[in-house]
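In the part that follows, the structures are each spelled out as structure tokens.
What follows is chain A paired twice: with chain B in the first complex and chain C in the second.
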Partner chain A sequence: MWRDALLMAGKDLRIEFRSKVTLNQILPFAFVTLIVFAFALDTSPGTLQKVAPGLFWLAVLFSSIFSVDRAVAIETNDNAGDGLAVYGVDSGGIFLGKVTSVFVQLFLLEAVLLVGVVILYGPAIDGWPLVLLSAFFATVGISAAGVMYSQLASGSRAKQTLLPLLLIPVTSPVLLAATKSWQDAFSSTASLGDPWLRLLIVFSVVYLALGAVFYGSILEA
Partner chain B sequence: MESKRYKWTRRAIGIVSLLLVAATVIFGLWITPPDVVQGQLVRLIYVHPPVAWVAYLAYGITSIASTLYLWKRTRNMKWDLLAASSAEVGVIFTALTLVTGSIWGRPAWGVWWTWDARLTTTALLFVLYLGYLALRRVPATSHQRAVRSAIAGLIAFVDVPIVHQSVVWWRTLHQGATVLNPSLSPKIHGEMAMTLLLGFISFTFVYAWMLMHRYQIAGFEQKILDIELDQILEERLHEPGMESMQVELSPDVEQIDRHSKV
Partner chain C sequence: MQSLVSFKKVIVVSGNFPILTGLDFETGPGEVVLVKGRNGAGKTSFLRAVAGLLRITKGSALVLGVDLISNPADARHRVGLLGHETFLYEDLTAKENVTFVLKATRSNISKVDAALSAVGLTGRLSDLRVSSMSAGQRKKVALAALLAREPELWLLDEPHAALDSWTREVLDTAINSSVANGATVLLVSHEPLHGSLMPTRVVELAGGKVITDTRDIKPVVAEKVPL
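Let's turn to the complex of A and B:
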């Protein structure tokens, strides 16, 4: 399973490296949301500094919809997924591979986006370990839930509208917990015992487990 | 589809629920006294918690039925239809929970809506199961739809403990549990407790009655699909030039037929 996962992740990342969809489309989209958030709110530094973590994670969540949609579309287009089934690639491996690939893309996107947030909104960041750990687990959670839901909604002509409806409520605890733990990290109250970090860990573990168990059934159906 | 026993059970439950709801109305509006603190407003307590309970019960049934469908030994299209029917009733009751809560919140808290943990998560639960119902409308074979929605139903149910946890964490305005509080000593007594209990029982009966109706309709819908499929296949087989295909096609026809049987 692990070998299959690595192969899948490598393949997906190679496709991304050559097509550059995340770089050319999803990243600019995330940046645009950062800018329009400032239009919708107030441009006074105090306001933007305060809401920076929430806006950051909202931008990530919206971008993740495109990423997970694409991760699954790679297999559903031209029935490439059937080929994987014929080769006997482990379904848990496919899931973990897709999650890894989406995770890597989102994590890099977050790194660039964080620079954008720091420049545009100007928050002061204190607790770097908490920032990084929360981002890590939040991204795992979003990727795992996202890949699973994207596969569930695949094959539907209404997928573009269905996926956000399914994914946003499910990942809302991640949005909340990641925002809260970043708020803690941005203030002086940062500690690695942050309860919101624990919630993020629980969420990502639960969704990884659910995916490893059910992904095969979704593919077969 | 409908056996006589099913029909009579459904009717009996319908009549009992009507009587129970009538009793709850009489007790809730006339017999019980107004509350010392909340006055007449307390009467909503005979509706709001029971409605919320039914919503949770409905989602519980959806999860159990979904699990039974996913488990290969108990796999039967009936579980899928039951899960769908229960989720639909659950969504109605979640909406009612939000509406009755809002009606209570306006005079009690001064606002229609507040960003309290339980309110917010109930709203999320509502959207979550709306998503489940939307997923069910995606065109697919019966089996495909059943597996996908069963998994979606189970994932949605995983949200419930997170709902609970979040209540404990950011509990703000919503009052704590009245009956099932940690010390297990109910803060409500006498006639009011009895009426609340009556509310719980009557709304559970209403749920059972609605579920039986919805389940039956789901069965009919499935049957219509099967009949339409049979008709299309029949027409195709009798098109000019298709006679020679009949022998070859028949095993497939049988397979599709078996696949979509309720």
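Let's turn to the complex of A and C:
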């Protein structure tokens, strides 16, 4: 399984970095989301600093829809997914490989987006370890749930509308926990024992385990 | 004789529509079976069922000793399927695609260059992205992956389509070579077979089942492919 996961992740990342969709389309989309939401709320610095974590994670969540959709769509072109089945690639390996690939793309996107948040909204970040750990587990959770639900939706004719409908409610605990965790990190109450961080860890571990076990059944369905 | 494929009263249903309707078929090592039939007779579905890509609804199905009903995935990596789809990734080059297939099937990746060369994809062509290739060139890439893999069971659905005469001969020679080494080939083709490839058996499907089965057509002449 791990060998197949590495193979799949390497292949997907190579395809993504070559197509530059994350760089040319998803990243600008995330920035536009960040700015438009700020305009819609209030442009005063005090408010923006307060809502910065929520806006950041909303932008990441919306952007992740495109990333996970693309990760699954790679296998539908020329029925490459059937090819993986014929080659005997482990379904758990396919899942973990795709999660890794989406994770890497989203984590890089978050790094750039965070610079944008700091420049645009100017929040003071006290707890960098909590920021990084929360981002790590939130991204794992979004990637794992996203790949699972994207595969589920891929069989539907209405997958473009079905995926956000499935994914946004399911990942709302991640959105909430990551936002709260970052709010703590942006204030003087930052601690690695943060209860929201624990929720993020539980969510990501549960979805990784669910995907590794059930992804094969979703593929076969 | 040991059966490589043994289908007994196999029924496969897609949605509410039965696509294989009590199909009986058995074949052993070293056979080249030409599967014929009109459009919609169930030829492609038959090959996909043998590859373990379709769920068997009823009946018994053994492929390479694996029960497809309880373990549909277990025989897949020993089967090579070349069909209407090439299973290639457009943003990878020909070489990267073949290398990926060999790594995924735990095959020897040292054969990549030889396999690409055998189908005429050398030099710049092997480093060309599949998205820039013609349909015939894409088929050659898929064929190179198949040649390098050397599967025990070849499932070929219209394999000659989009191939030039030289590559057709390469494919035919490769099939004959594999059969001489004990592999079995199930071949769907609407075209009359030319050149060195001759089936040892012709099976005709209609309505999702075998209606005629003609054996001992002509022995296959073995010839090694220079890989």
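Simple rule for what comes next: the second predicted complex is superposed on the first by the 221 of 221 C-alpha atoms of A that agree within 3 Å, B and C clash if a C-alpha of one lies under 4 Å from a C-alpha of the other, contacts with A are read in each partner's own complex, and residues count from 1 in each chain.
Keep this in mind: contacts are C-beta pairs under 8 Å (C-beta built on N, C-alpha and C of every residue); 3 or more make two chains touch, one makes a residue touch a chain.
Predicted model, so just to flag it, every value in this text is computed and none were measured.
Undergrad: If we overlay the two complexes on their shared chain A, which of chain B and chain C does A:L162 touch? Say first, second, both or neither.
TA: First partner only.
Undergrad: Answer with first, second, both or neither: which of chain B and chain C does A:T43 touch in the superposed model?
TA: neither
Undergrad: Is A:S187 touching anything from chain B or chain C once the two structures are fitted on A? First, second, both or neither.
TA: In the superposition, A:S187 touches no partner, neither chain B nor chain C.
Undergrad: Of the partners chain B and chain C, which touch A:A85 in the superposed model: first, second, both, neither?
TA: A:A85: touches chain C, not chain B.
Undergrad: Tell me the contact category for A:S172 with respect to chain B and chain C: first, second, both or neither.
TA: A:S172 contacts chain B only, not chain C.
Undergrad: Please determine whether it is chain B or chain C that touches the greater number of chain A residues.
TA: B
Undergrad: For chain A, which residues lie in the overlap of the chain B contacts and the chain C contacts?
TA: 220
Undergrad: Would you mind writing out the residues of chain A in touch with chain B in their complex?
TA: 145, 148-149, 152-153, 155-158, 162, 165-166, 168-170, 172-173, 176, 195, 199, 203, 206, 210, 214, 217-218, 220-221
Undergrad: Over in the complex, which chain B residues touch chain A? Could you list them?
TA: Within the complex, chain B contacts chain A at residues 70, 124, 127-128, 130-131, 134-135, 138-140, 143-144, 146-148, 151-152, 154-156, 158-159, 162, 165-166, 169.
Undergrad: Would you mind writing out the residues of chain A in touch with chain C in their complex?
TA: 4, 7, 11, 14-15, 18-19, 74, 77-80, 82-89, 216, 220
Undergrad: Write out the stretch or stretches of chain C touching chain A in their complex.
TA: It comes out as residues 51-53, 55, 72-73, 76-81, 85-92, 96, 100-101, 103-105.
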